[in-house]
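To keep things simple, chains are lettered A, B and C as they appear, and every chain counts its residues starting from 1.
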Amino acid sequence: MSVLILHILYIVAITVESMTAAIAAGRRSMDWVGVCLLAAVTALGGGSVRDVLLGHYPLVWVEHPEYLLLTAAAALATIAFARFMHRLKRLFLLLDAVGLVVFTILGCNIAREMGLPPIIIIVAGMITGCAGGVIRDILCGEIPLLLRSELYASVSVLTGIIYLAGLQTALPHDIVTFAALTFGLTLRLLALRFNWHMPKFVYARD
Amino acid sequence: MSVLILHILYIVAITVESMTAAIAAGRRSMDWVGVCLLAAVTALGGGSVRDVLLGHYPLVWVEHPEYLLLTAAAALATIAFARFMHRLKRLFLLLDAVGLVVFTILGCNIAREMGLPPIIIIVAGMITGCAGGVIRDILCGEIPLLLRSELYASVSVLTGIIYLAGLQTALPHDIVTFAALTFGLTLRLLALRFNWHMPKFVYARD
Amino acid sequence: MSVLILHILYIVAITVESMTAAIAAGRRSMDWVGVCLLAAVTALGGGSVRDVLLGHYPLVWVEHPEYLLLTAAAALATIAFARFMHRLKRLFLLLDAVGLVVFTILGCNIAREMGLPPIIIIVAGMITGCAGGVIRDILCGEIPLLLRSELYASVSVLTGIIYLAGLQTALPHDIVTFAALTFGLTLRLLALRFNWHMPKFVYARD
(Lines give C-alpha, C1' and ligand atoms only; values in the text may rest on other atoms or scores of the structure.)
Protein backbone atom coordinates (compact mmCIF):
# COMPACT_ATOMS: atom_id res chain seq x y z
CA MET A 1 0.00 0.00 0.00
CA SER A 2 2.76 2.42 0.93
CA VAL A 3 4.24 1.72 -2.52
CA LEU A 4 1.17 3.21 -4.18
CA ILE A 5 1.08 6.21 -1.83
CA LEU A 6 4.82 6.82 -2.36
CA HIS A 7 4.28 6.67 -6.11
CA ILE A 8 1.48 9.23 -5.97
CA LEU A 9 3.58 11.46 -3.70
CA TYR A 10 6.49 11.08 -6.15
CA ILE A 11 4.31 12.39 -8.99
CA VAL A 12 3.25 15.30 -6.78
CA ALA A 13 6.88 15.92 -5.82
CA ILE A 14 8.34 16.10 -9.34
CA THR A 15 5.43 18.35 -10.36
CA VAL A 16 6.12 20.73 -7.48
CA GLU A 17 9.90 20.71 -8.01
CA SER A 18 9.26 21.54 -11.67
CA MET A 19 7.07 24.46 -10.71
CA THR A 20 9.49 25.94 -8.18
CA ALA A 21 12.30 25.55 -10.73
CA ALA A 22 10.14 27.32 -13.31
CA ILE A 23 9.68 30.23 -10.88
CA ALA A 24 13.46 30.35 -10.37
CA ALA A 25 13.85 30.41 -14.17
CA GLY A 26 11.31 33.24 -14.42
CA ARG A 27 13.30 35.29 -11.92
CA ARG A 28 16.22 35.14 -14.37
CA SER A 29 14.00 35.82 -17.41
CA MET A 30 14.81 32.53 -19.09
CA ASP A 31 12.93 31.67 -22.26
CA TRP A 32 10.22 29.00 -22.39
CA VAL A 33 12.58 26.25 -23.47
CA GLY A 34 15.01 27.20 -20.69
CA VAL A 35 12.14 27.08 -18.19
CA CYS A 36 11.19 23.56 -19.28
CA LEU A 37 14.80 22.36 -19.27
CA LEU A 38 15.49 23.80 -15.82
CA ALA A 39 12.28 22.20 -14.51
CA ALA A 40 13.16 18.77 -15.90
CA VAL A 41 16.75 18.90 -14.66
CA THR A 42 15.67 20.03 -11.19
CA ALA A 43 12.85 17.54 -10.73
CA LEU A 44 14.64 14.52 -12.17
CA GLY A 45 18.25 15.55 -11.48
CA GLY A 46 18.51 14.22 -7.93
CA GLY A 47 17.46 10.71 -8.92
CA SER A 48 19.69 10.88 -12.01
CA VAL A 49 22.79 11.84 -10.02
CA ARG A 50 22.05 9.02 -7.57
CA ASP A 51 21.60 6.44 -10.34
CA VAL A 52 24.73 7.54 -12.21
CA LEU A 53 26.85 7.42 -9.02
CA LEU A 54 25.49 4.01 -8.04
CA GLY A 55 25.57 2.63 -11.60
CA HIS A 56 21.82 1.96 -11.39
CA TYR A 57 20.57 1.83 -14.98
CA PRO A 58 18.27 2.63 -16.71
CA LEU A 59 17.56 6.02 -15.16
CA VAL A 60 13.99 6.67 -14.00
CA TRP A 61 13.11 9.08 -16.82
CA VAL A 62 14.69 6.87 -19.48
CA GLU A 63 12.36 4.06 -18.39
CA HIS A 64 9.42 6.43 -17.87
CA PRO A 65 9.73 9.22 -20.48
CA GLU A 66 6.26 10.41 -19.44
CA TYR A 67 7.91 12.00 -16.39
CA LEU A 68 9.91 14.25 -18.72
CA LEU A 69 6.67 15.38 -20.33
CA LEU A 70 5.12 15.92 -16.90
CA THR A 71 7.95 18.22 -15.80
CA ALA A 72 7.71 20.22 -19.03
CA ALA A 73 3.91 20.45 -18.70
CA ALA A 74 4.25 21.61 -15.08
CA ALA A 75 6.76 24.25 -16.20
CA LEU A 76 4.46 25.55 -18.95
CA ALA A 77 1.51 25.59 -16.53
CA THR A 78 3.64 27.69 -14.18
CA ILE A 79 4.25 30.21 -16.96
CA ALA A 80 0.51 30.33 -17.70
CA PHE A 81 -0.56 30.77 -14.08
CA ALA A 82 2.44 32.73 -12.83
CA ARG A 83 0.33 35.64 -11.62
CA PHE A 84 -1.41 33.40 -9.07
CA MET A 85 1.74 31.66 -7.87
CA HIS A 86 2.66 34.08 -5.10
CA ARG A 87 -0.64 33.31 -3.35
CA LEU A 88 0.36 29.66 -3.20
CA LYS A 89 3.75 30.26 -1.62
CA ARG A 90 2.88 28.42 1.59
CA LEU A 91 1.38 25.50 -0.29
CA PHE A 92 4.57 25.29 -2.38
CA LEU A 93 6.79 25.25 0.71
CA LEU A 94 4.65 22.45 2.15
CA LEU A 95 4.72 20.41 -1.07
CA ASP A 96 8.46 21.04 -1.49
CA ALA A 97 8.95 19.57 1.99
CA VAL A 98 6.82 16.57 0.98
CA GLY A 99 9.03 16.20 -2.09
CA LEU A 100 12.20 16.27 0.01
CA VAL A 101 11.13 13.42 2.29
CA VAL A 102 9.51 11.36 -0.49
CA PHE A 103 12.61 11.64 -2.70
CA THR A 104 14.70 10.67 0.33
CA ILE A 105 12.73 7.50 1.11
CA LEU A 106 12.62 6.46 -2.56
CA GLY A 107 16.37 7.06 -2.89
CA CYS A 108 17.03 4.96 0.21
CA ASN A 109 14.93 2.17 -1.29
CA ILE A 110 16.96 2.08 -4.53
CA ALA A 111 20.19 1.70 -2.54
CA ARG A 112 18.57 -0.91 -0.25
CA GLU A 113 17.48 -2.98 -3.25
CA MET A 114 21.06 -2.83 -4.52
CA GLY A 115 22.25 -4.31 -1.20
CA LEU A 116 24.43 -1.33 -0.34
CA PRO A 117 25.66 -0.57 3.20
CA PRO A 118 23.66 1.69 5.58
CA ILE A 119 25.78 4.83 5.13
CA ILE A 120 25.38 4.63 1.36
CA ILE A 121 21.62 4.08 1.72
CA ILE A 122 21.36 7.29 3.72
CA VAL A 123 23.63 9.17 1.30
CA ALA A 124 21.59 7.87 -1.66
CA GLY A 125 18.46 9.26 0.01
CA MET A 126 20.11 12.62 0.59
CA ILE A 127 21.42 12.85 -2.99
CA THR A 128 17.95 12.03 -4.34
CA GLY A 129 16.37 14.67 -2.12
CA CYS A 130 18.91 17.44 -2.57
CA ALA A 131 20.98 17.16 -5.76
CA GLY A 132 18.24 18.46 -8.07
CA GLY A 133 18.14 21.76 -6.20
CA VAL A 134 21.94 22.02 -6.28
CA ILE A 135 21.96 21.62 -10.07
CA ARG A 136 19.14 24.19 -10.36
CA ASP A 137 21.11 26.73 -8.31
CA ILE A 138 24.32 26.17 -10.30
CA LEU A 139 22.47 26.57 -13.61
CA CYS A 140 21.02 29.81 -12.21
CA GLY A 141 24.52 31.05 -11.36
CA GLU A 142 24.00 30.86 -7.58
CA ILE A 143 25.98 29.23 -4.79
CA PRO A 144 23.68 26.30 -3.89
CA LEU A 145 21.26 27.26 -1.11
CA LEU A 146 21.81 23.78 0.33
CA LEU A 147 25.37 24.65 1.31
CA ARG A 148 24.50 27.94 2.88
CA SER A 149 21.42 27.67 5.00
CA GLU A 150 18.32 25.94 6.24
CA LEU A 151 17.75 22.48 7.55
CA TYR A 152 17.40 20.73 4.23
CA ALA A 153 20.17 18.17 3.75
CA SER A 154 20.01 17.53 7.51
CA VAL A 155 16.29 16.75 7.33
CA SER A 156 16.99 14.34 4.50
CA VAL A 157 19.78 12.58 6.41
CA LEU A 158 17.73 12.31 9.61
CA THR A 159 14.73 11.00 7.65
CA GLY A 160 16.96 8.34 6.12
CA ILE A 161 18.35 7.36 9.53
CA ILE A 162 14.86 7.09 11.06
CA TYR A 163 13.67 5.05 8.09
CA LEU A 164 16.62 2.70 8.20
CA ALA A 165 16.45 2.31 11.98
CA GLY A 166 12.73 1.57 11.75
CA LEU A 167 13.34 -1.21 9.23
CA GLN A 168 15.59 -2.95 11.80
CA THR A 169 12.57 -3.28 14.13
CA ALA A 170 9.66 -5.69 13.83
CA LEU A 171 7.34 -2.88 12.69
CA PRO A 172 5.59 -3.35 9.32
CA HIS A 173 7.28 -1.62 6.39
CA ASP A 174 4.25 0.64 5.76
CA ILE A 175 4.31 1.93 9.34
CA VAL A 176 8.05 2.65 9.16
CA THR A 177 7.64 4.49 5.86
CA PHE A 178 4.76 6.53 7.24
CA ALA A 179 6.66 7.33 10.44
CA ALA A 180 9.80 8.44 8.57
CA LEU A 181 7.76 10.60 6.18
CA THR A 182 5.88 12.20 9.08
CA PHE A 183 9.07 12.78 11.07
CA GLY A 184 10.93 14.38 8.15
CA LEU A 185 7.98 16.51 7.07
CA THR A 186 7.38 17.75 10.62
CA LEU A 187 11.05 18.57 11.15
CA ARG A 188 11.25 20.47 7.87
CA LEU A 189 8.07 22.45 8.57
CA LEU A 190 9.20 23.26 12.12
CA ALA A 191 12.56 24.43 10.72
CA LEU A 192 10.73 26.69 8.25
CA ARG A 193 8.26 27.96 10.87
CA PHE A 194 10.84 28.74 13.56
CA ASN A 195 13.62 29.66 11.14
CA TRP A 196 15.97 26.98 12.49
CA HIS A 197 19.46 27.03 11.03
CA MET A 198 22.63 25.04 11.33
CA PRO A 199 25.47 27.09 12.79
CA LYS A 200 27.64 28.67 10.11
CA PHE A 201 31.39 28.29 9.73
CA VAL A 202 32.86 31.71 9.07
CA TYR A 203 36.52 31.81 8.09
CA ALA A 204 37.68 35.32 7.28
CA ARG A 205 41.49 34.96 7.56
CA ASP A 206 43.78 36.05 4.72
CA MET B 1 27.15 6.87 -47.40
CA SER B 2 25.52 9.24 -44.92
CA VAL B 3 27.54 7.47 -42.22
CA LEU B 4 30.79 8.70 -43.79
CA ILE B 5 29.47 12.23 -44.32
CA LEU B 6 28.18 12.34 -40.73
CA HIS B 7 31.57 11.19 -39.50
CA ILE B 8 33.38 13.92 -41.44
CA LEU B 9 30.88 16.51 -40.21
CA TYR B 10 31.40 15.21 -36.65
CA ILE B 11 35.15 15.84 -36.95
CA VAL B 12 34.42 19.34 -38.28
CA ALA B 13 31.92 19.89 -35.44
CA ILE B 14 34.20 18.95 -32.53
CA THR B 15 36.96 21.06 -34.10
CA VAL B 16 34.69 24.09 -34.32
CA GLU B 17 33.24 23.61 -30.83
CA SER B 18 36.81 23.41 -29.52
CA MET B 19 37.70 26.67 -31.24
CA THR B 20 34.65 28.58 -29.99
CA ALA B 21 35.31 27.26 -26.49
CA ALA B 22 38.93 28.42 -26.80
CA ILE B 23 37.71 31.91 -27.69
CA ALA B 24 35.42 31.86 -24.63
CA ALA B 25 38.45 30.81 -22.54
CA GLY B 26 40.50 33.64 -24.03
CA ARG B 27 37.82 36.16 -23.03
CA ARG B 28 38.42 35.07 -19.43
CA SER B 29 42.22 35.06 -19.80
CA MET B 30 42.57 31.36 -19.02
CA ASP B 31 45.99 29.80 -19.36
CA TRP B 32 46.90 27.46 -22.21
CA VAL B 33 46.09 24.32 -20.26
CA GLY B 34 42.74 25.80 -19.24
CA VAL B 35 42.02 26.64 -22.88
CA CYS B 36 42.69 23.05 -23.95
CA LEU B 37 40.64 21.59 -21.08
CA LEU B 38 37.68 23.88 -21.77
CA ALA B 39 37.85 23.00 -25.48
CA ALA B 40 37.88 19.25 -24.80
CA VAL B 41 35.06 19.42 -22.24
CA THR B 42 32.90 21.57 -24.53
CA ALA B 43 33.42 19.57 -27.70
CA LEU B 44 33.13 16.11 -26.13
CA GLY B 45 30.95 16.98 -23.10
CA GLY B 46 27.57 16.69 -24.80
CA GLY B 47 28.21 13.15 -25.98
CA SER B 48 29.73 12.26 -22.61
CA VAL B 49 26.70 13.47 -20.65
CA ARG B 50 24.43 11.52 -23.00
CA ASP B 51 26.47 8.33 -22.66
CA VAL B 52 26.70 8.58 -18.87
CA LEU B 53 22.94 9.18 -18.53
CA LEU B 54 22.10 6.31 -20.87
CA GLY B 55 24.77 4.00 -19.45
CA HIS B 56 26.33 3.72 -22.92
CA TYR B 57 29.96 2.70 -22.39
CA PRO B 58 32.72 3.17 -23.40
CA LEU B 59 32.45 6.91 -24.03
CA VAL B 60 33.38 8.16 -27.50
CA TRP B 61 36.70 9.75 -26.48
CA VAL B 62 37.70 6.74 -24.35
CA GLU B 63 37.36 4.56 -27.45
CA HIS B 64 38.88 7.22 -29.72
CA PRO B 65 41.50 9.12 -27.67
CA GLU B 66 42.58 10.85 -30.89
CA TYR B 67 39.50 13.09 -30.54
CA LEU B 68 40.94 14.42 -27.28
CA LEU B 69 44.15 15.30 -29.09
CA LEU B 70 42.13 16.91 -31.89
CA THR B 71 40.27 19.19 -29.46
CA ALA B 72 43.51 20.22 -27.78
CA ALA B 73 45.17 20.84 -31.15
CA ALA B 74 42.20 22.95 -32.28
CA ALA B 75 42.43 24.95 -29.04
CA LEU B 76 46.15 25.60 -29.50
CA ALA B 77 45.58 26.58 -33.15
CA THR B 78 42.97 29.06 -31.93
CA ILE B 79 45.53 30.63 -29.60
CA ALA B 80 48.02 30.85 -32.48
CA PHE B 81 45.60 32.39 -34.96
CA ALA B 82 43.46 34.39 -32.53
CA ARG B 83 44.09 37.67 -34.30
CA PHE B 84 42.32 36.39 -37.43
CA MET B 85 39.39 34.80 -35.61
CA HIS B 86 37.09 37.81 -35.59
CA ARG B 87 37.12 37.86 -39.41
CA LEU B 88 35.75 34.32 -39.38
CA LYS B 89 32.86 35.04 -37.04
CA ARG B 90 30.22 34.24 -39.66
CA LEU B 91 31.95 31.06 -40.69
CA PHE B 92 32.08 30.00 -37.04
CA LEU B 93 28.37 30.64 -36.55
CA LEU B 94 27.66 28.55 -39.64
CA LEU B 95 29.91 25.69 -38.53
CA ASP B 96 28.53 25.85 -34.99
CA ALA B 97 25.06 25.39 -36.48
CA VAL B 98 26.37 22.41 -38.47
CA GLY B 99 27.77 21.03 -35.22
CA LEU B 100 24.44 21.41 -33.44
CA VAL B 101 22.47 19.41 -36.01
CA VAL B 102 25.19 16.80 -36.58
CA PHE B 103 25.57 16.19 -32.83
CA THR B 104 21.77 15.93 -32.61
CA ILE B 105 21.45 13.29 -35.34
CA LEU B 106 24.40 11.27 -33.98
CA GLY B 107 22.91 11.45 -30.47
CA CYS B 108 19.56 10.25 -31.75
CA ASN B 109 21.29 7.34 -33.47
CA ILE B 110 22.98 6.17 -30.25
CA ALA B 111 19.63 6.09 -28.45
CA ARG B 112 17.99 4.38 -31.45
CA GLU B 113 20.62 1.65 -31.46
CA MET B 114 19.94 1.13 -27.74
CA GLY B 115 16.25 0.56 -28.57
CA LEU B 116 15.05 3.47 -26.44
CA PRO B 117 11.61 5.08 -26.84
CA PRO B 118 11.07 8.08 -29.19
CA ILE B 119 11.02 10.78 -26.49
CA ILE B 120 14.37 9.56 -25.14
CA ILE B 121 15.82 9.44 -28.67
CA ILE B 122 14.92 13.10 -29.14
CA VAL B 123 16.21 14.02 -25.68
CA ALA B 124 19.45 12.13 -26.36
CA GLY B 125 19.89 14.19 -29.53
CA MET B 126 19.27 17.42 -27.65
CA ILE B 127 21.68 16.52 -24.84
CA THR B 128 24.37 15.65 -27.38
CA GLY B 129 23.84 18.93 -29.21
CA CYS B 130 23.49 21.24 -26.23
CA ALA B 131 25.10 19.90 -23.03
CA GLY B 132 28.67 20.73 -24.07
CA GLY B 133 27.83 24.41 -24.32
CA VAL B 134 26.06 24.32 -20.95
CA ILE B 135 29.16 22.87 -19.28
CA ARG B 136 31.34 25.49 -21.02
CA ASP B 137 29.15 28.33 -19.74
CA ILE B 138 29.11 26.96 -16.17
CA LEU B 139 32.90 26.57 -16.17
CA CYS B 140 33.11 30.18 -17.38
CA GLY B 141 30.89 31.32 -14.48
CA GLU B 142 27.94 32.24 -16.72
CA ILE B 143 24.27 31.30 -16.64
CA PRO B 144 24.05 28.94 -19.65
CA LEU B 145 23.12 30.84 -22.79
CA LEU B 146 20.93 27.89 -23.72
CA LEU B 147 18.49 28.69 -20.92
CA ARG B 148 18.28 32.36 -21.69
CA SER B 149 17.95 32.93 -25.37
CA GLU B 150 18.12 31.90 -28.98
CA LEU B 151 16.60 29.00 -30.82
CA TYR B 152 19.21 26.44 -29.95
CA ALA B 153 17.70 23.63 -27.89
CA SER B 154 14.49 24.07 -29.89
CA VAL B 155 16.34 23.60 -33.18
CA SER B 156 17.87 20.43 -31.78
CA VAL B 157 14.51 19.05 -30.60
CA LEU B 158 12.79 19.86 -33.92
CA THR B 159 15.68 18.33 -35.89
CA GLY B 160 15.30 15.17 -33.81
CA ILE B 161 11.54 15.06 -34.38
CA ILE B 162 11.94 15.53 -38.16
CA TYR B 163 14.62 12.84 -38.26
CA LEU B 164 12.57 10.38 -36.25
CA ALA B 165 9.38 11.09 -38.21
CA GLY B 166 11.29 10.62 -41.47
CA LEU B 167 12.54 7.22 -40.36
CA GLN B 168 8.90 6.08 -39.98
CA THR B 169 8.36 6.68 -43.70
CA ALA B 170 9.55 4.54 -46.60
CA LEU B 171 12.25 7.09 -47.49
CA PRO B 172 15.86 5.85 -47.57
CA HIS B 173 17.85 6.54 -44.37
CA ASP B 174 20.33 8.76 -46.23
CA ILE B 175 17.56 11.00 -47.57
CA VAL B 176 16.00 11.32 -44.10
CA THR B 177 19.37 12.18 -42.54
CA PHE B 178 20.05 14.77 -45.23
CA ALA B 179 16.57 16.28 -44.90
CA ALA B 180 16.81 16.56 -41.09
CA LEU B 181 20.29 18.11 -41.31
CA THR B 182 19.10 20.61 -43.92
CA PHE B 183 15.96 21.47 -41.96
CA GLY B 184 17.84 22.01 -38.69
CA LEU B 185 20.63 23.99 -40.27
CA THR B 186 18.21 26.22 -42.18
CA LEU B 187 16.09 26.86 -39.08
CA ARG B 188 19.15 27.74 -37.00
CA LEU B 189 20.56 30.08 -39.63
CA LEU B 190 17.17 31.77 -40.13
CA ALA B 191 16.92 32.21 -36.35
CA LEU B 192 20.36 33.82 -36.31
CA ARG B 193 19.64 36.00 -39.37
CA PHE B 194 16.25 37.27 -38.23
CA ASN B 195 17.09 37.24 -34.54
CA TRP B 196 14.24 34.85 -33.68
CA HIS B 197 13.74 34.18 -30.00
CA MET B 198 11.50 32.09 -27.81
CA PRO B 199 9.27 34.23 -25.59
CA LYS B 200 10.76 34.81 -22.17
CA PHE B 201 9.14 34.02 -18.84
CA VAL B 202 9.67 36.99 -16.54
CA TYR B 203 8.69 36.50 -12.91
CA ALA B 204 9.51 39.52 -10.78
CA ARG B 205 7.29 38.95 -7.71
CA ASP B 206 8.69 39.05 -4.17
CA MET C 1 55.03 -2.13 -0.73
CA SER C 2 54.25 0.93 -2.83
CA VAL C 3 50.60 -0.19 -2.69
CA LEU C 4 50.57 0.30 1.08
CA ILE C 5 52.40 3.64 0.94
CA LEU C 6 50.04 4.85 -1.81
CA HIS C 7 47.08 3.82 0.32
CA ILE C 8 48.38 5.74 3.34
CA LEU C 9 49.11 8.76 1.16
CA TYR C 10 45.58 8.49 -0.30
CA ILE C 11 44.10 8.69 3.22
CA VAL C 12 46.30 11.72 3.91
CA ALA C 13 45.27 13.26 0.58
CA ILE C 14 41.49 12.99 1.03
CA THR C 15 41.87 14.34 4.57
CA VAL C 16 43.81 17.37 3.34
CA GLU C 17 41.47 17.99 0.38
CA SER C 18 38.55 17.89 2.84
CA MET C 19 40.25 20.46 5.07
CA THR C 20 41.10 22.89 2.28
CA ALA C 21 37.52 22.54 0.95
CA ALA C 22 36.23 23.27 4.46
CA ILE C 23 38.31 26.46 4.55
CA ALA C 24 36.85 27.46 1.16
CA ALA C 25 33.37 26.78 2.59
CA GLY C 26 34.18 28.91 5.65
CA ARG C 27 35.19 31.82 3.40
CA ARG C 28 31.63 31.73 2.03
CA SER C 29 30.06 31.31 5.49
CA MET C 30 28.47 27.97 4.66
CA ASP C 31 26.74 26.10 7.45
CA TRP C 32 28.20 22.99 9.05
CA VAL C 33 26.33 20.59 6.79
CA GLY C 34 27.44 22.58 3.74
CA VAL C 35 31.03 22.41 4.97
CA CYS C 36 30.87 18.61 5.29
CA LEU C 37 29.17 18.21 1.90
CA LEU C 38 31.70 20.45 0.14
CA ALA C 39 34.55 18.55 1.79
CA ALA C 40 33.19 15.15 0.73
CA VAL C 41 32.47 16.27 -2.83
CA THR C 42 35.92 17.86 -3.21
CA ALA C 43 37.93 15.00 -1.72
CA LEU C 44 36.03 12.18 -3.42
CA GLY C 45 34.74 14.04 -6.49
CA GLY C 46 37.79 13.57 -8.72
CA GLY C 47 37.74 9.79 -8.37
CA SER C 48 33.95 9.77 -8.78
CA VAL C 49 34.06 11.72 -12.05
CA ARG C 50 36.77 9.38 -13.34
CA ASP C 51 34.81 6.26 -12.40
CA VAL C 52 31.55 7.55 -13.89
CA LEU C 53 33.27 8.54 -17.16
CA LEU C 54 35.06 5.20 -17.42
CA GLY C 55 32.07 3.16 -16.25
CA HIS C 56 34.17 1.78 -13.37
CA TYR C 57 31.70 0.65 -10.70
CA PRO C 58 31.29 0.60 -7.75
CA LEU C 59 32.71 4.01 -6.92
CA VAL C 60 35.42 4.15 -4.25
CA TRP C 61 33.23 5.68 -1.52
CA VAL C 62 30.34 3.32 -2.27
CA GLU C 63 32.67 0.40 -1.60
CA HIS C 64 34.38 2.18 1.32
CA PRO C 65 31.74 4.36 3.03
CA GLU C 66 34.27 5.01 5.81
CA TYR C 67 35.96 7.51 3.46
CA LEU C 68 32.77 9.58 3.50
CA LEU C 69 32.90 9.64 7.28
CA LEU C 70 36.58 10.57 7.16
CA THR C 71 35.93 13.57 4.91
CA ALA C 72 33.10 14.77 7.16
CA ALA C 73 35.25 14.28 10.27
CA ALA C 74 38.11 16.22 8.66
CA ALA C 75 35.67 19.03 7.79
CA LEU C 76 34.35 19.21 11.36
CA ALA C 77 37.90 19.17 12.73
CA THR C 78 38.69 22.10 10.46
CA ILE C 79 35.78 24.05 11.93
CA ALA C 80 37.01 23.25 15.44
CA PHE C 81 40.62 24.21 14.79
CA ALA C 82 40.04 26.98 12.26
CA ARG C 83 41.90 29.57 14.29
CA PHE C 84 45.15 27.62 13.94
CA MET C 85 44.77 26.86 10.25
CA HIS C 86 46.50 29.93 8.89
CA ARG C 87 49.71 28.90 10.66
CA LEU C 88 49.65 25.63 8.73
CA LYS C 89 49.29 27.23 5.32
CA ARG C 90 52.63 25.94 4.08
CA LEU C 91 51.99 22.46 5.38
CA PHE C 92 48.63 22.47 3.59
CA LEU C 93 50.20 23.53 0.29
CA LEU C 94 52.71 20.71 0.65
CA LEU C 95 50.07 18.11 1.49
CA ASP C 96 47.81 19.38 -1.29
CA ALA C 97 50.69 18.81 -3.71
CA VAL C 98 51.11 15.30 -2.30
CA GLY C 99 47.38 14.76 -2.86
CA LEU C 100 47.62 15.90 -6.47
CA VAL C 101 50.35 13.44 -7.41
CA VAL C 102 48.93 10.56 -5.35
CA PHE C 103 45.46 10.99 -6.87
CA THR C 104 47.11 11.12 -10.30
CA ILE C 105 49.02 7.85 -9.88
CA LEU C 106 46.01 6.06 -8.40
CA GLY C 107 43.80 7.34 -11.23
CA CYS C 108 46.32 6.11 -13.80
CA ASN C 109 46.30 2.70 -12.13
CA ILE C 110 42.50 2.35 -12.38
CA ALA C 111 42.65 3.06 -16.12
CA ARG C 112 45.64 0.72 -16.53
CA GLU C 113 43.76 -2.12 -14.82
CA MET C 114 40.86 -1.52 -17.23
CA GLY C 115 43.27 -1.99 -20.15
CA LEU C 116 42.69 1.49 -21.56
CA PRO C 117 45.06 3.20 -24.01
CA PRO C 118 47.93 5.45 -22.76
CA ILE C 119 46.23 8.80 -23.47
CA ILE C 120 43.18 7.73 -21.46
CA ILE C 121 45.41 6.50 -18.61
CA ILE C 122 47.01 9.94 -18.41
CA VAL C 123 43.63 11.70 -18.70
CA ALA C 124 42.20 9.42 -15.98
CA GLY C 125 45.07 10.47 -13.72
CA MET C 126 44.48 14.13 -14.42
CA ILE C 127 40.72 13.88 -13.82
CA THR C 128 41.35 12.10 -10.51
CA GLY C 129 43.83 14.76 -9.45
CA CYS C 130 41.95 17.83 -10.63
CA ALA C 131 38.18 17.33 -10.99
CA GLY C 132 37.45 17.54 -7.25
CA GLY C 133 38.84 21.06 -7.09
CA VAL C 134 36.87 22.06 -10.18
CA ILE C 135 33.61 20.88 -8.57
CA ARG C 136 34.54 22.71 -5.36
CA ASP C 137 35.13 25.97 -7.23
CA ILE C 138 31.86 25.67 -9.19
CA LEU C 139 29.88 24.98 -6.00
CA CYS C 140 31.54 28.08 -4.51
CA GLY C 141 30.45 30.16 -7.51
CA GLU C 142 33.98 30.66 -8.84
CA ILE C 143 35.55 30.09 -12.24
CA PRO C 144 37.70 27.00 -11.55
CA LEU C 145 41.22 28.00 -10.51
CA LEU C 146 42.48 25.10 -12.60
CA LEU C 147 41.49 26.87 -15.82
CA ARG C 148 42.99 30.18 -14.88
CA SER C 149 46.38 29.72 -13.35
CA GLU C 150 49.13 27.70 -11.77
CA LEU C 151 50.84 24.53 -12.85
CA TYR C 152 48.29 22.10 -11.53
CA ALA C 153 46.72 20.13 -14.37
CA SER C 154 50.11 20.27 -16.14
CA VAL C 155 51.87 18.73 -13.12
CA SER C 156 49.27 15.97 -13.10
CA VAL C 157 49.66 15.26 -16.83
CA LEU C 158 53.48 15.26 -16.63
CA THR C 159 53.39 12.99 -13.57
CA GLY C 160 51.17 10.58 -15.51
CA ILE C 161 53.50 10.62 -18.50
CA ILE C 162 56.59 9.98 -16.34
CA TYR C 163 54.79 7.16 -14.54
CA LEU C 164 53.60 5.53 -17.75
CA ALA C 165 56.99 5.93 -19.45
CA GLY C 166 58.69 4.42 -16.41
CA LEU C 167 56.44 1.35 -16.56
CA GLN C 168 57.69 0.70 -20.10
CA THR C 169 61.20 0.26 -18.72
CA ALA C 170 62.62 -2.70 -16.82
CA LEU C 171 62.56 -0.74 -13.56
CA PRO C 172 60.58 -2.24 -10.66
CA HIS C 173 57.05 -0.84 -10.28
CA ASP C 174 57.84 0.56 -6.81
CA ILE C 175 60.78 2.55 -8.12
CA VAL C 176 58.72 3.96 -10.99
CA THR C 177 55.91 4.94 -8.61
CA PHE C 178 58.36 6.60 -6.26
CA ALA C 179 60.12 8.42 -9.11
CA ALA C 180 56.85 9.74 -10.58
CA LEU C 181 55.64 10.88 -7.15
CA THR C 182 58.93 12.63 -6.46
CA PHE C 183 59.01 14.26 -9.89
CA GLY C 184 55.42 15.54 -9.66
CA LEU C 185 55.80 16.76 -6.09
CA THR C 186 59.07 18.56 -6.86
CA LEU C 187 57.62 20.20 -9.97
CA ARG C 188 54.52 21.38 -8.09
CA LEU C 189 56.55 22.77 -5.18
CA LEU C 190 58.97 24.51 -7.54
CA ALA C 191 56.01 26.03 -9.38
CA LEU C 192 54.60 27.30 -6.07
CA ARG C 193 57.98 28.56 -4.87
CA PHE C 194 58.95 30.39 -8.03
CA ASN C 195 55.41 31.34 -9.00
CA TRP C 196 55.61 29.52 -12.34
CA HIS C 197 52.61 29.98 -14.61
CA MET C 198 51.47 28.79 -17.96
CA PRO C 199 51.13 31.62 -20.47
CA LYS C 200 47.62 33.02 -20.63
CA PHE C 201 45.46 33.34 -23.72
CA VAL C 202 43.88 36.78 -23.69
CA TYR C 203 41.21 37.43 -26.30
CA ALA C 204 39.64 40.84 -25.94
CA ARG C 205 38.04 41.33 -29.37
CA ASP C 206 34.33 42.25 -29.70
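Throughout what follows, a residue touches a chain if its C-beta (ideal position, glycine included) is under 8 Å from a C-beta of that chain, and two chains touch if they have at least 3 such contacts.
Since we're looking at a predicted model, the values are computed, not measured.
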Labels of chains that are neighbours to subunit B and to subunit C: A
Residue-number overlap at the subunit A/subunit B interface, same or different (half cut): different
Geometric centre distance via CA averages, subunit B-subunit A, whole Å: 30
Residues of subunit B touching at least two other chains: 52, 55, 138, 141
Subunit C - residues contacting subunit A, complex: 22-23, 25-35, 37-38, 48, 52, 55, 57-59, 61-62, 65, 68-69, 79, 82, 85-86, 89, 138-141
Interfacial residue positions of subunit A with respect to subunit C in the complex: 52-55, 116-120, 123, 134, 138, 141-144, 146-149, 153-154, 197-206
